[in-house]
Structure formats: structure tokens, C-alpha cells
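A short worksheet on the structure shown next.
Letters A, B, C, D, E and F mark the chains as written, and numbering starts fresh at 1 in each.
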Amino acid sequence: MSMERVREAADRIKRLEVQGATNVALTAMKALVEQMKASQVRDIDSALHEIAEAKEILFKSRETEPFMRNAIRYIEWGIARERWETTSQFHRLIHSLSEDLLNKFKEARDRIIEVGSKRVLDGSRVLTHCHSSAVSGILKVAKEKGVDFEVVLTETRPVYQGRITAREMLESGVRTTMIVDSAVRSFMTKVDLALVGADAITSEGNIINKIGTSLLALAAHEARTPFYVASELLKFDPQTIHGDYEAIEERSPEELWPQAPQELEIRNPAFDVTRRDYIHGIISEEGLISPHSIMEAVRRRYPWILEALGG
Amino acid sequence: MSMERVREAADRIKRLEVQGATNVALTAMKALVEQMKASQVRDIDSALHEIAEAKEILFKSRETEPFMRNAIRYIEWGIARERWETTSQFHRLIHSLSEDLLNKFKEARDRIIEVGSKRVLDGSRVLTHCHSSAVSGILKVAKEKGVDFEVVLTETRPVYQGRITAREMLESGVRTTMIVDSAVRSFMTKVDLALVGADAITSEGNIINKIGTSLLALAAHEARTPFYVASELLKFDPQTIHGDYEAIEERSPEELWPQAPQELEIRNPAFDVTRRDYIHGIISEEGLISPHSIMEAVRRRYPWILEALGG
Amino acid sequence: MSMERVREAADRIKRLEVQGATNVALTAMKALVEQMKASQVRDIDSALHEIAEAKEILFKSRETEPFMRNAIRYIEWGIARERWETTSQFHRLIHSLSEDLLNKFKEARDRIIEVGSKRVLDGSRVLTHCHSSAVSGILKVAKEKGVDFEVVLTETRPVYQGRITAREMLESGVRTTMIVDSAVRSFMTKVDLALVGADAITSEGNIINKIGTSLLALAAHEARTPFYVASELLKFDPQTIHGDYEAIEERSPEELWPQAPQELEIRNPAFDVTRRDYIHGIISEEGLISPHSIMEAVRRRYPWILEALGG
Amino acid sequence: MSMERVREAADRIKRLEVQGATNVALTAMKALVEQMKASQVRDIDSALHEIAEAKEILFKSRETEPFMRNAIRYIEWGIARERWETTSQFHRLIHSLSEDLLNKFKEARDRIIEVGSKRVLDGSRVLTHCHSSAVSGILKVAKEKGVDFEVVLTETRPVYQGRITAREMLESGVRTTMIVDSAVRSFMTKVDLALVGADAITSEGNIINKIGTSLLALAAHEARTPFYVASELLKFDPQTIHGDYEAIEERSPEELWPQAPQELEIRNPAFDVTRRDYIHGIISEEGLISPHSIMEAVRRRYPWILEALGG
Amino acid sequence: MSMERVREAADRIKRLEVQGATNVALTAMKALVEQMKASQVRDIDSALHEIAEAKEILFKSRETEPFMRNAIRYIEWGIARERWETTSQFHRLIHSLSEDLLNKFKEARDRIIEVGSKRVLDGSRVLTHCHSSAVSGILKVAKEKGVDFEVVLTETRPVYQGRITAREMLESGVRTTMIVDSAVRSFMTKVDLALVGADAITSEGNIINKIGTSLLALAAHEARTPFYVASELLKFDPQTIHGDYEAIEERSPEELWPQAPQELEIRNPAFDVTRRDYIHGIISEEGLISPHSIMEAVRRRYPWILEALGG
Amino acid sequence: MSMERVREAADRIKRLEVQGATNVALTAMKALVEQMKASQVRDIDSALHEIAEAKEILFKSRETEPFMRNAIRYIEWGIARERWETTSQFHRLIHSLSEDLLNKFKEARDRIIEVGSKRVLDGSRVLTHCHSSAVSGILKVAKEKGVDFEVVLTETRPVYQGRITAREMLESGVRTTMIVDSAVRSFMTKVDLALVGADAITSEGNIINKIGTSLLALAAHEARTPFYVASELLKFDPQTIHGDYEAIEERSPEELWPQAPQELEIRNPAFDVTRRDYIHGIISEEGLISPHSIMEAVRRRYPWILEALGG
């Protein structure tokens, strides 16, 4: 079967065996790279054709995964842009493009953690939601630096990702309190900072993140509590520039209530949209910036994200 | 042991075997009445003494239960106010006071259901949270009247009372959709009305209800969706007039995460406070009224709730 | 034909020959009184029966006319409450009830004008919408007192009632500026006060007035411009206590566009609902009061408006 | 010279030798009572005539002093309402009316302090502005009860009344921090409660207090910090019911800048108006109530404040 | 007479024979091009002189027409920047510049329609105001694509441009409802999207459009209804960068009331300013972007709009 | 002692003998330039070493002075970037860099004044706070142009900088009114524009200015009064990009109350942070721009401010 590695990765992503925007992006990119390395393409046309095929399979594996899609866009854009003539040159190019991208990932993440950790002050209390590796990274580094702070986190129904964050925080020695998602307004006036990750960023400057994030942002806004989003600009979704709505994945009703009565409709959207006006700042690889000018930052740092679209 | 019946009821209430403001109130009142009927008091002083003893036990069984407390206040107030001379007169008085109160309960509830059901319009969608017998009553009667509407409800963590409401709605033939608590903002622009019950009403016109209610109200306010509270004025807490904060019961951490790591602090407040400014109207036994003047309505309808305080 | 006078009045009201809450109320009451005076009722039962018949006809003539309905409720309530035994006593009672009511009308209006005129300050600019006899009365009296102020008013589509107000203001010597309805936000920061009348007041403290009033109130709120409503409490609609929505009359599409294309749907609601939170104060016969406690004021001043409902 | 005592008191009030709503009220009342005791009136007409004369002098001494005016209204109302026939009966009545009023003052203040002190929680920080004897009373009693809290207070330009409050707090052993008036927004998210007094309450439910109060309330609203006003309902200004604006006293430019350049206009309003919507509750002799229904509370507790107006 | 063609076009524009930002821009550009083609300029100085003369005439024809002004700026900028030596080269250059600009216009509009049409979802209701060729284009294309939606539109006083939009929508087979301008708040909770055009965009990110647009945006904001503006960045007014206020054209009082009383002042501003904070996104030739970063987008896409200013 | 001139300047800055962002920047730069001109550095390494030493001393002299820091960053960046080989070339380079910077300062200020003066309209009233040379410049030029306007200004506790502004305005012939800081809300509805300077701008688009500015901005927002900030982009603090909080200088308690009781804690922060959402526009050397895109403007105009950071 053609595209075997890619199909297998897409399946794992589809079955939610791979989770989290970063993991999905890395898995997809790795599969694409291996697939390409296994191929015998000799010219640009066949290369682009193969990549287009792989891209279609991977894009379909999850509704909203701009990080993964941007990774694939980067490979495709690099193939089309660089000069190469032989299969082995192609393989080397593929390899170097994937290394580049991994470096970009790593640099972006390191910078986010460095910048974000400065926002966590001594004696403060930070509220977070769900599990975000960027947020966990920020908080761990703040703790390592000796900042004395506490974390309040939601359990994050329906899949309880708050428990993962709780375990990470406790392992890092951070004093941690868990609440139900519904209690964020009650605890909002008792925290100094709200901090979440993101799954996608739109051209208007809104962010898409785990369901409940927009409620938390609204409650933070009501209480004048600074609300920050830690996210790579690599999560920018260029299709929103074209007017596309960011698709909101709807997951299995089973997650809510396995033995639900049959007639009951269960709606289980995994994400919601948080308005730029409720976001104090985006902690990104470009530093701490306003969400209102995010498209400009993406355009400057990752021009290929926007150029790729014309293709 | 003295006060046996009362103690036994208080225990059941404390162990959460009896739940819901109305059930707790009825159970406590019934126990008090039976206890008094079993007593041999002959004069007002001994009667008031006995009631004071029962009151103390029952008041301690739950932190915030103005409905139950008002029921006991009514009996106490009636005993002190009416003329009676013999034990049997006392027993008859106790009986008639409890009948009075049950009638007041019933009338209030009937009126709330009648008034509230008119607010549910044909072709509309109603969002609710947790389980409230008043809200369920309103929606069932609206359905019986032939109004064609749908219900969207939250699962209501940590104890999933939304499942109770869901079952009631489905049994009544209402098309019902369940969401996680975190999704209320996503669904707020798709509903026409938000409707919840209440556990207590304060002198400032705020309401105390299941944790998450204030978030829902905030999201309703943001979206200009009318937010109504269905509640008996009998749930008014006269102690708030005196400056007391309404105590917010904190329940077992087990409800959130039975196998939680030991170092994890879990906070599980059962209720939150919804500001009067986010409430379009209180659907009460006085009809549909503004929360801002609720103390005036209580004072007119149940003067003994306020008078009892002086005692 | 029975109820001839009443039917004739109801027809004129229905055909919009009689307009304005006050005129409609007076016309209906006059017709009812004449009809009753022409009747030969001898006992309370037949009297109430006749009134019920008249009431039905008049209530149907217009969807939302609490002022008119309250006038009829007053007569009915008076008949049922007073002692009378002969037809001539009945006629005298009818006469005196209608005189009472006219006096109440007059006193209320005089008080509103007196109170409201004090809110118009020297050197100020007042924005108004549509035509309201109460508002015009206030402004005329302020002018007569020598207050130097200007008026900005909307044309008030679709029927241009702003032209009536404009003529009245100019006749009173008030400097007057007219704008299209859409321009209220542009002029809001240039005025010191917004002042409108009302067609109905709900139990929640909201007011119903000419379409566009709620937009004006919203724009006033945005600009911190005080927004006042001049209205008799006699316009309180007791049915809203029972949960009924205030019906919003929909008028002829012809008013918008006589030669409209056939396939075009035209919606022409005559009124909208202004939230109590956008209203600084109600200028009423009880003086200047907060809309949030309006039901209490009605209950004290016109208990029969609420009592009548039981009937 | 007639009305000597009254004139002398009015002069001291005018020259600001007597300050604070309560002191002014007590001084004026005492002068009136003494003046009346020194008079030889024998009948109601001459009594009312004398009181009217004294009233005019005292009312003119300060623009906005509803507390003082209500005290005088009470005496006047009592004289007109009670039966008395001789001069000595008149003197006794005057005496007992003034005692009544002093008792009402005292009871009101005691209740406010009792209610308010319950709002100050252990471990909390309270922000206040200017000097208010009611607020100081609340805080002192809370301290005496053993509540562990801190106070943040403004210096309160131009006359630095914050220094008086600071001294009182320090004497009571309360940890106290002073800031400039401009810093209230910076400190708002670091406090748990904002608490101020009042000079007057309007029929719409707004309060008049030291200039800067409305800014503090606005900043509290922005930060979801509860903002409470401690005030006797005796400060209700019945003239606002009639549409009168509460006059805002303008004090000497000298207070701001003694050596100001001559061409500089200095505006020195002593008070501002805080909107009811920014006030969580009024701590009054009626307990903790919503400002929106304050007129109803006044009407019930002090009907003579409203009745006096008809006179 | 010199500048004949230009003068004639300017007159038609001034007399409102040419309407709509796009038509005015095209008419002015065409006249300028023809005038230049008819001229015998031989060098850059005389060319710039001629253009300056034409520019002055055309700029004066309408107060606020950044689209038209930018068109002229483009021609002027191109003449000064390109190398040419003979009259015929000049004529060819003029021709090619005008072709360029027409292409830019066309591309921009096509992109706006493509992007905007994706925002119109199946089963949705779109509210619009006035007539905008961009909005009509978006809606027609959405309909052609098979999207099933409805349109609600205002009549748009005083010149009823809503009727033009209504006819276009009906011709395209879109179900269309017309309301008075004052009814936008009543219908706001019944629509899913508000969509308008623009006449100008300022450097702060605000838009200028038909009077009433800012009210509609405010009502959309109050109801959390997404409010989008479809506009070419070519409508950006570079003079606002320099601090100039966007002039708001005031049109004839006759439009409001032909037979108005003489003493009546009529104010008829044609446009108002909508704050960037009420705008969810600008649908532009750069895709869907935030209004807050609009100047950056203009600077990147049309640098000559900003550069031209220095000249 | 090494770095004598620099140390001496740093001391004067520390002792507040030099005040105002611009003066501090000029003093520091001048000292640095003189120090460098007196040095005998021969190669880039020693030059950078010397500058680093001077930089450390100057940076420590004041907590938050981005303008001064950017000046030093510019010199450092220029030294590292240009080619030079001899000491005299170094001296010439130092000289020319400082001249460049002074020119940039001057151009920026001139442009701000030109742009800002267009925002002051005939017949308007402008509210300002503290003393800002940019604001004074704008107002003086507006006056010179013949614009007829008034100024309302705060005294600005604790150091009364409002008096400086008042004197400047009076000297320019502007009608000027002074109020206490607490009165800004009372006067907000009587002014047409609020205009202040800035000490620093953050990467999120917020501005840091004299304590009280954020309150004024909040009150302007509440009243829909446009609030503008006049500030050079040279005041942008690049460290905020990295997540650093802008440090808020805390000044001597003596400024508030020289004879304060010892136990009294006095907090005297000199600045506060104004949210970008309350700022209508920044009047800068890039013209009138939105605060949300300010980092993009800085990046384009002063790339060295951002590049310097890597060093």
C-alpha cells in the first residue's frame, strides 16, 4: 500500500492515540519525512505530487490542527523552493528541512518558557485550565528559578487533563489546588494570573483552546485578572485569513456519559474560541505580544505559513 | 435520648441522604413537628425552650439552608404568637402551623411553575444547570401546555445532577441536549433563555446556587441572553440582612477525584453567588420580579422571616 | 346591538384613529362609562357581567395598552368593592369612579411635569425620541420657567412622530434640531440628558416604548449620558407579574414602504423593550425613582392594579 | 435678635467649624431645640411659624445636608402631629422629640457598625477614602472582635481627611497603608473590599460622598471588588424625589493652591455622585440592602421624611 | 477651459450624480486619465503640475473620499516614480497606471467576496445596513454557492439605500426582511452575523460608514453578535495618520423633511465612526484581519498610499 | 575614578535633580558621549567594554527609563555596527551617533506636536494630568494656530506637577481650570478629549505614566471621551517583549506626608499602567496609531531597539 507510514500515523492521530498539538505535529512530520525518505522521487513534480498525497491523508486525520498542517506546509514549501536534482539530494533536503523545523519548534518553545516564566511572580497564584506543555514548561522553570507561587487548576471535563497538569505540578514541588471547571469564577478573585495554552490562533487574533477557556477568559476579564496565552506562532491557522472558520472538533458522546439514555443528544465540542479582547498578551517565540497584531508577527517570522497558501 | 427524631433527621441531612433545599426543609420540619407532638410541653416557655434545642441541632446540620431555617422559624414564630394553654392545644397548633407552611410551600411552587411556564416560548431553546425541582416543574408544565421547545443542560460536575434533569426532561418528551459545564459559553448564543433554581437569596438581591451558576449568568449577560432564576422567596436568608456572608458549603474532595495524589489540595465549594445585575428576573410566588427589590417582597409576604430574627 | 358605544370606541382604537397611551385610555374609559350609564343593571352580578363584556371588547382593540386596561380595571374593581343597590346608585358610582380616575390621571401628569422640569438645567441639551405628551409637557414647563435649553430629536420612522414633537417645541420657543434615528449615537456625546416617554412598564422594571428607544438607551449608557423615562405608574402592566411577555404590536408594512416588492418581508414592530439597567430614573407620580423597585411603588399607590388580577 | 441660638449655630456650620454630616445634624438640632425651649409659643401656629423661621436659617447654612434637614423635619413633623396645649407641654414635646431623634441616630449607627463589622473578614484588606465616622466605627469594632485585617486609605485631597482616618486606625491597632487618591486603581486588585461613608442618598439610589468616591467605585467595579457604603437612611434626601438635583458644594480654591496664579480657575467640588450600579450594598440601620430599593426602606422606617415634604 | 474633463467629473460627483466610494473613485480616475491623455506634457514637472491641478479639483468635490483620493495618489506617485521622456511615453504610462489600478480594484474586490462568502453559514441570518457593493457581492456569491441563508436589512434613512440592497437580494433569490433603522436592537439577537461596508478606514483602525453603522455595531457588541466590515484597504485614509479627523459629510436637510418648519435646524451627517473594538474583523484584500493592525496591512500592500503623503 | 562623568550624571538622575523621561535621556546620553570622548579606546572590544560599564551605572540610576536606556542602546549598537579603526574615528563616530539621536528626538517631538495639535478642535475642552512636555507642546502649538480651546488639569499629587502645566498653559494664553485628582470623573463628561504623555510603552501596547493616568483613562472609557497618549516610540521598553514587567518606581513617603505617624506605611508608586483598550490612539512620530500595533511600528522605525536586546 502506498503512503503506508503516513496512513499509519494518520490513523493513530485519528484514534486519539496521539494527543496535543505538538505531539500530533511531530508525529505527522516524522511520518511524512520517513515516507519521503523511502520514496524514489527524482524530480520536483513527482515530489510535490507525493507530498500532496501525504498531505491530504494527514490533513484529514484531525479537523483543526494548524501546528501539524504548518509543519507539512513547511516541508512542501522547502521542497518547491530549494534546488535539488537527485533522489539522494531530495532525501538530504527532506532531512534538513525536518531538522530545521524541529529546531524552530525547540527554539520557539524555549523562548516561550523563558518569557513566560518571568510573568510568574513571587507570592502569586496562577490559574490554569486543561494541560498545556507550554504552560507546564513555564511553571516548572519558574519553580526551578526559585519563584514561590501556587497553582490553581481545573479538572477539565470530560477527559480530566487537569489531572495530568496536577501531577506535573506536584512533581515539580508546586503547591497545587484542583477545582471543578464550574468554580473558575469563584476562584478568579483569589488568583493573580490566568495562563493557558492554545491549539490554534486565527488571523483576527482569537485563540482556539480546550473547551472552557473562553469562559475562564471572560471571568478573568470581569475581575481584571491578567489572562495570558502561551502559544507558538506556529499554531497560526493561515486558512482563517481566507475567511474559513476554525473547525471545532466534536468528540465522542461517550466521554461525557457512557450510559446515557439513547434519546439524549450529547454535544461534545473539544474547543472554544477566546476573543482577542480578553487576552492580555500572547507569550510566543516573538516574546510577549498583543493578540491584535499577531498576523503581522507570523508574517515576519514564518512568511512561508502565509505563502504556502497560494500553492 | 432527647430530641431523637430531630437528631435522626439532622444526621440524614448531614450525611447528604436528603438533598435539595425543598427536601431538606420538609424533612427538618416534619421531624420538628413530630418531636413537638411527642413532647409534653405545657407552657410557652418550655415550648420555646424545646424548639430552640431542636433548632440548634437542625441549623447545624447544613451550613446554608435558609429554606429549612425559615420553616423552623415559622413554627417557632407561630408558637410564640398564638394563644394556647394546654398540651393538646399545643399539639394542634403545631399541626396547623406545619399544615400552613406546607400550603405556603405548595402555593409558592404552583405559582412559580405557572409564571415560569409562560416565559418558555414556542420554538425556543432553554439552557439550564444542575437539577432544580422548580425549573423542572416549569419546563414540564410548559411541555404539557404544548409549547414546543428544547432544553440544553450541563452535566454539572462533580455530582452530575444534570443527568437527573436530563432524565426528567426526556420522560416529559422534551428534546434534550447535554454539554459539559465548560461549554456554556459556546452554547449561549444558540439559546433564547437561561433558567436556573436557587438555594438561597440574600438581602442584596444576589442568589446562591450550584457552583457554575454565576459563570453561566456572566456568559448570559455577555450575550444578552435573558437569565432567570426560579425560586421561592422562602429561600431568602434573613441573616444576610445582618451583614452575615452566606456560607458556601464545601464538600468532600472525593467527589472530584477519589484517587487524587495526597499532596493535591482539592477545593469543592458546592455553591457560588450570582450578582443581581446578571439576573433579568426572579420567578417567585410574588410573580416575576426584579432581584433588586426582593427584600421588600419578602417583607410583605413573609414578615415573620424578618421578625423571627429579633428573637 | 349591545355594547354599541364600546364597540365603536374599540374600532376607532383598532383603526389607529386614536393614538397615544393616554388618549386610548381616556377614549376607552369614556366609552365604558357611557355604556354603563346607558345600561339598566340592578345588581352587582349583572354589572360585573356587563363590564366583563365591555372589557373583552376593549382589551382586544390593541395588543399592549396597560394604561387603558388599568383604567377599565379600576372601574371594575370599584364596582365590585363599593356598596350600591339601585341602578341610579350604580350610575352615580360609575360617574364618580371615572371622575376619580381622571383626577388620578391629571395629578400624575402634573407631578411628572413638575418633577421632570427640574431635571432640565440651564444651558443643557436634551435628546428625545418620538412624541410623548409627558416629555413635551416637561419641556414646555421648563421653558416657561425660563430654563434656557435646546432639544435634539429624532424624526422617528416610520410615522415621523418626531415632527409633531418638533412643532410643539418650536411653538414653545425651544431651539430644536432634528436628526435621523440612526444618528443618535453621533449626537449622544453632545447632549446632557436623554428623555423619553413610555407605553408600558413591566414588573421587572423594564419599559416598553417606541421602537428605537432601547437603542437610544444603549447609546446613552455607552456615553454615560443620563437616560430618564417620564411615565405614569398607571402604565404598569400587571400581567407581566404573571410571567406574560409584553406583546409588541406589529404595524402595517405599508408604513415602511408602500410600493415594496411583493417578495420582500417587512417587519414593523412599533415598540421595543428598554432594560432597567440603562434607565437612570423613572419620572413618575411617585417622584423620581429607580426602575428596579417600580413594582413596589405601584403596589403602594395603585393596589387595585395588582388586586384586579385575581378577578 | 430673634433666633439667636439658631443663627449662631448656622454661622458655625457655614464657616465649616462644624464638619461631617452627623456633627452638623446634631449641632443644628440642638440649637433648634434650645431656641424652641427658650420661646414662649402657645399654639401650634406660632410654633410652626417659629420652626419655619429657624428651618430657613439652618437650611441655608449648607447646600447639601439631608441629615441635618431631616433632623429639623422630624421636629417640625412631631410638633404638628402631636397634641399639646401649653407652652410647657410644647417644651416637653420638643425635648422628647429631640431625645427620640438622638436615639434613632444612635440605634442606626450601632446597627450599621454591627452589620458592617461582619463584612470585614479575617485576613482581608479594606480600602477606604476620606474620613467617615461610620466606617471608622465598623473597622474599630471589627478589630475589637479580633478580626485580623489591614486598611489601605487615600490621603483625600484637598483637606487630607485620610490622615484623620489613618490616626484612628493606627490607634485601634490596625495595620494601615496610605496612598495618594490617584493610586486607587493600582491598589484595587490588592484589596478585598472597598468601604466608604455617605453624605446623602438620592431617591434613585445613588450616593453623594467626598469627591473621588465615584472614581473609587468605578475602579472597584472594573476589578469585581465589592464596594459597600455605610450610611444611615437618615441621610436620604427627600427633595431628590421631587426631581431636584443634589447640590454639590463647591469649596474655596485656597484649599487646592493658596498661591495659585490669578488667571487660574480652580474648581473645588467637595462631593461627587456614585451610581447605584457600582454599589454592592448599603450598610444601613435596615441592615445590608440593595441601593436600588432604598426609597422603599426609607419610606417604611422614616415615613415622616417623605411626609414632611408635603408641608 | 483647462481641466475640462476633470471639472465635469468633479461636478457630477459634487451633485451626487455619482455615488458610492467605488463609483466615485472610478469616475475621478477615468476623468484624470483622459485629461492627462489629452494633455501635451513633455516633462515630469509639467506633468506633476497638471496632476496637482486636477487633484485639487477632484479632492474638493467630496469631503471624505479616501478611495478616490488614493486612486489619484497612485497615478501621481507612478508618474513621479517611473522613467519616461516623451509625451507618448507619458500617455502610455498614464494608461498603464490606470490599468494597474483597475486591476488592483478588481483583485481586491474579488478577494473580499471570496473571503466574505465563507463567513456566511448555512442556516444563518445576516443583518446589513445601507447598500454596499462589497456586501452585496459577498451575499450573492454565497447564494450562488448554495448557502441557505436569510438577510435582514434596514431601510437606511434618509435616502432608503436599503431598498437597493433589498432588490438585489430578492433578485438573487435570498429571503429578505426589511426593518426600520431603529429596530436593529430588536432584531440583533435573531441574527448570526452583522455585515456592512465602509467608506473610509482610519489609522487607528476605526471605520467610517453610513450613519447608523456605529449604532448597529454597538448593538451587535451588546449581543455578542459578530460584526464584520467588508472593505478594500484602498479606502484607508492616510491623512488620519497625520492627526486629521475624518471629515463627516453633512447633506441637505431636504433629505429628511422637505417641508420642515423654517426655524427647525436639521442635521444630516451622512456617516458615523465605528470603533475598532466593536469590529470582529475586516474582510479585505489581505483576507480576514483585525482592525487593530490595519495600518500595517496597508503599509505592506499599498506603500504608495503612505509614501504619497510626503509629496 | 573611572566613569566620572557618567557616575555624576547617574547620581543627579538618582537624586531626582533631573526629571522627566526626555531630560533624563538627554542627560545620560550627553554624559556617556563625553565620557567616551574622554576615553582612549582603540578597538571595538575595549569600546564595548567601556560602554557596558557606563550602561550599567546609568541603567541603575532609575528603575524605569526606557527612553534613556534606548538612547544608550543606540550608541552601543552604532559602535558595534560601524567600521572604525582609530581613537579619533571612534570619537567622531560617538559624536555623529549622538547627533543622529538628537535629531531623531527632535523630529519625533516635532511630528507628535504637529499631529497632536490637529486633534484639538475649536471650542473644545481638553483634560490632562501631570506635566508632559509633549502634551504642553501640542497645546501650545494648537493655541498658536488660533484654535480656541480650554484646558482642565489635575493638580497631580504628590508633587503637584499640574502646577507646572497650569503655568505653561496660562503663559500661552489658554483658559485653564485646575481640579484635584479625585475630580476627574466629575469633569469627564464636560470635556471633549483627554490627553496625556507617557513614560514607557510595553510590547503589549500598554503605557506607563504618572500615577492616576489609568484612573483617568478608565473614567474616559466609561464616558466615551476619547483618550489619547502623546509619546515617542523611543519610549518603547524592549525588555517587556522578554516578559519583564515594567518596574514601577516607588518614591519617598515624605512626598505624601512629611510628619506621618511612624507606624503608618506609606506607598508612593510614581506610575501606573494604562491598558491599551482604554487608549483611542497613540500620537507618535509614526503619526496617530492604534496602541495594539505599536510593537510593529517600533520594529519598523527603530529596529535597533529590538536588535540591541540580543547583545
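Operating definition for what follows: a residue touches a chain if its C-beta (ideal position, glycine included) is under 8 Å from a C-beta of that chain, and two chains touch if they have at least 3 such contacts.
The structure presented is a predicted model; accordingly, all values stated were derived computationally and were not measured.
Q: What are the mutual neighbours of subunit D and subunit E in this structure?
A: A, B, C, F
Q: On C-alpha atoms alone, could you tell me the rotation angle mapping subunit C onto subunit E? Nearest 5 degrees is fine.
A: 180
Q: Count the C-beta contact pairs for C-F and for A-E, then tell me which is higher.
A: Here the pair linked by more C-beta pairs in contact is A-E.
Q: If you average the CA atoms of subunit A and of subunit B, how far apart do the two points sit, in angstrom?
A: Measuring from centre to centre gives 43 Å for this pair.
Q: Could you give the separation in Å between the centres of subunit B and subunit D, each centre being the mean of its C-alpha atoms?
A: The separation of the two C-alpha centroids amounts to 38 Å.
Q: What residues in subunit B touch two or more of the other chains?
A: 222, 277, 290, 292-293, 296, in rising order.
Q: Testing understanding: with touching defined as stated, what is the shape of the graph linking the protein chains, line, ring, star, complete or other?
A: Shape = other; not a path, cycle, star or full graph.
Q: Touching pairs of chains, which are they?
A: Result of the pairwise touch check is A-B, A-D, A-E, A-F, B-C, B-D, B-E, C-D, C-E, C-F, D-F, E-F.
Q: What residues on subunit F touch subunit C, complex-wise?
A: Listed in rising order, the residues of subunit F that touch subunit C are 188-189, 222-225.
Q: What does subunit C use to touch subunit E in their complex?
A: 154-158, 160, 163, 166-167, 170, 175-187, 210-212, 214-215, 218-219, 222, 248, 256-257, 260-261, 263-269, 272
Q: Provide the residue numbers of subunit F that touch subunit E in the complex, in ascending order.
A: It is residues 114-119, 121, 277, 280-281, 283, 286-290, 292-293, 296, 300 of subunit F that touch subunit E.
Q: Help me check something: in the complex, which residues belonging to subunit F touch subunit A?
A: 203-205, 240-245, 276-277, 290, 292-293, 295-296, 299
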